[in-house]
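Order as written gives the chain letters A, B, C and D; numbering starts at 1 within each chain.
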C-alpha cells in the first residue's frame, strides 16, 4: 500500500493549491479571493508537513517507549505560519472593509468601474 | 526499531481526510453564498487539524484547531457583517484562469515525481538537521517536546521574527480600522468637541438567551484555565504560546459575543490590549538582550542560569510567555477593531 | 479495532459534510458544521489511539472548548446580520 | 479479566461507531432542521459516549481516561447549548417544522 501511491499526498497538495489559485484568479469577490488565498496557504502547510512524516514513526515528543520520530522541523515552521497566516488574513480583510467603505462594493469589477478608465 | 500504530490504517485515514479536504475546498470555491463559504472553511480547517495529528504534527494540529474553530470564523463573519454575504455573479470568463490553474497543476504534479515517496525514513529531509535536534533537544533544554525546544531555543531568531510579523499585522489592522485611538477607547472624543451625552446603549443581542449566558459563564473559566495548561505544559506535550494565546483570546471573544463588546472591553480594555501587543515582542527580544548582557550569544539561554540546561528551560518558558502575550492581545485587538466598525446600515445591497 | 470506529466516524463525517454542502437553509449548514465539530473531537481522540499516542487528547479538549465559539458567532450573525454591537449613531468619527 | 475488558471495549466502540453512522444518515435523510437536530444529538450523546467508554476501557485507569471523561462532560455541556441556540434561532428566523403540514394545522401556513 505504501508503494501504491507514493505521491498521493503531494498530488492532493497540488490540487488544493490549484483550487486556491483558481479562486484568487477567477473570482472577483475579494472575500472569496482571500479565502482562496487561505486555501492556497493550507496547501503549503501540507507541502511542508507531509514529507516530514515517517511511516511507523510518532510525534516528536520524546518518550522512552519510542525510537522513531517524525521530523520536528517542518512542524516548527508551520506552527508559527498558521498564526501569522491568521494575522495576515485579518490585514487583508481590514483592507477589504476599507475598500467597501470607499467604493461601496467588494467586487473587483465594480471597484474598477468606479475608478473609471 | 520500535514502530507504533499500523501504517496501513494511517495511510487510509490520511487518504480519506485528504479527499474530504478536496471536497470541502471545491465546495468553498463553488458556493456563492459567502456565509456558507465561511461555515465550510471551518470544516476544512478542522479536517486539516485532524490530518496534521494523523501526520504526527500534534503541535500544528493544535494550532490549527485553536485558530480554525473560533478565531477565523469570527473574523470572516465580522467582515461579512460589514460588507455583504452574497457574491455577485462574475462577468468574466472562467476559462482563462481555469487553463492557467490546470497548467500550473500539471507542472507541479510533474515536479512531485522527483520527490521521495511519502513516509520514507531515508528521504534527504529526514537526514539533515532533524536527527540532531531529536538527539540533543532533551539533553540540552530539558523539554521532551522537541517542537517547543526548536521553536523557542534552536530557532529562536526565526520565532522572534514571526512574532514581530504578528505584531505588525495586528498594528496594521488597528491602523486601518481603528485609527489607533479614534475607536479604540483611548480617546473617546476629540478635544473641544461637544459632549455627546451618555454612552449610547448597545442593544443586548444574545443576553435574553438564558441558557447561553449560564453555559458560557461555566465554560469561560474552563477555556482560560485550559489555555494556561496549554501554555505551561507546552514543553512536555503539544502546546505553547501560540496555541494558548489564540485560545485565551477566543475566550474573551466568546464573552463579547454573548454579553456585548462593551462588556468584553471592560474585562480586557483596549488600553491593556494595546499595551500588551508590543510587550510580548519586548519580552522575547529582551530575553535575547539579557543573554547578550550575561555574556552569551543573542537568544542563547544557556547563560541565564548557572546550569546551562535549566537556563535553556527558563529561557523557553519566558519566551513562550512573550509569544502568548503578543498573540493573545493581537487576536483580541483584531476582533475589537472589526467589531467596533459601524455595521452596514439597512438591508444588504444585492 | 479502533480502525472500525474510526471509519464509522469518517462515514458520519462525510454525511455531515454533504449536508453542510447541500443546505438547503442556513440552519442546516450550521447544524452540520456543529456536528462536524463534535465528530472532529472523537476523530482526534481516535486518531491519537490509532497512531499509538493516546496522550494527545489535549487537542480534542481544546476543540470541544472552542467549537462552541464558532457556532455562537454564526448564530449571532444570523440573528443580527453582523457581529458588532448595534449602537445607535455608530462610534464617533465614523466616516 | 483482560479478555473481558477487550471484548467490552470492542462492543462499546462498535456501538459508538454505529450510533455515529446512524446519526450521520439521519442528518442526511431527515426532512428539516428540527428533525435533523435529533440525529445530531444522537451523535453528541450516545455516539461520543460509547466511543469514549470504549477508548477508556482500552486505556485503563490513567490520565487518558480522565481526559476522556472531561471530553464527555464538556460535550455534554456545550452540544445541547449549541443545538438549543440553533433551534431557537431557526424558530426566530421563521423556519417552520415540517409537522405543521399535517392535516388540521393547514390553516396556519
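By definition in this document, a contact is a pair of C-beta atoms (placed from the backbone, for glycine too) under 8 Å apart; a residue touches a chain by one contact, two chains touch by 3 or more.
As the structure is a computational prediction, the values presented were derived from the model and not from experiment.
Novice: Sort the chain pairs by how many C-beta pairs are in contact and tell me the top one.
Specialist: Most contacting pair of chains: A-B.
Novice: Taking the mean of the C-alpha atoms as each chain's centre, how many Å separate chain B from chain D?
Specialist: 29
Novice: How big is the gap, in whole Å, between where the Cα atoms of chain B centre and where those of chain C centre?
Specialist: 16
Novice: Chain C to chain D: how many Å between their CA centres?
Specialist: Chain centres of chain C and chain D, defined by C-alpha means, are spaced 14 Å apart.
Novice: Distance from the CA centroid of chain A to that of chain D, rounded to the nearest Å?
Specialist: A distance of 32 Å separates the two centres.
Novice: Touching two or more other chains, which residues of chain D qualify?
Specialist: 74, 78, 81, 85
Novice: Which positions in chain B touch two or more other chains at once?
Specialist: Residues 4-5, 10, 38, 56, 58, 80, 82, 212, 219, 222, 237-238, 338, 341 of chain B touch two or more partner chains.
Novice: For chain A, write out the residues touching at least two other chains, lowest number first.
Specialist: 58-59, 61 - these are the residues of chain A that touch more than one other chain.
Novice: Could you please write down every pair of chains that are in touch?
Specialist: Those chain pairs satisfying the definition are A-B, A-C, B-C, B-D, C-D.
Novice: Okay, in this complex, where on chain D does chain B touch?
Specialist: Residue list for chain D touching chain B: 74, 77-78, 81, 84-85, 88.
Novice: Write out the stretch or stretches of chain B touching chain C in their complex.
Specialist: 4-6, 9-10, 13, 16, 20, 23-24, 27, 31, 35-36, 38-40, 42-43, 46, 49-50, 53-54, 56, 58, 61-62, 65-66, 69-70, 73-74, 77-78, 80-82, 179, 182-183, 188-190, 196, 200, 202-203, 205-206, 212, 216, 219, 222-223, 226, 229-230, 233, 237-239, 243, 247, 250, 253-254, 257-258, 260-262, 338-344, 348
Novice: Touching chain D in the complex: which residues of chain B?
Specialist: Those in contact with chain D are residues 209, 211-212, 215, 218-219, 222.
Novice: Using the touch rule from the top, collect the residues of chain C that touch chain A in their complex.
Specialist: Per the touch definition, chain C meets chain A at residues 51-53, 56, 95.
Novice: Give the list of chain D residues in touch with chain C in this complex.
Specialist: Contacts found on chain D: 9-10, 13-14, 16-18, 20-21, 23-25, 27-28, 33, 36-37, 40, 43-44, 47-48, 51-52, 54-55, 58-59, 63-64, 67-68, 70-71, 74-75, 78-79, 81-83, 85-86, 89-90, 92-93, 95.
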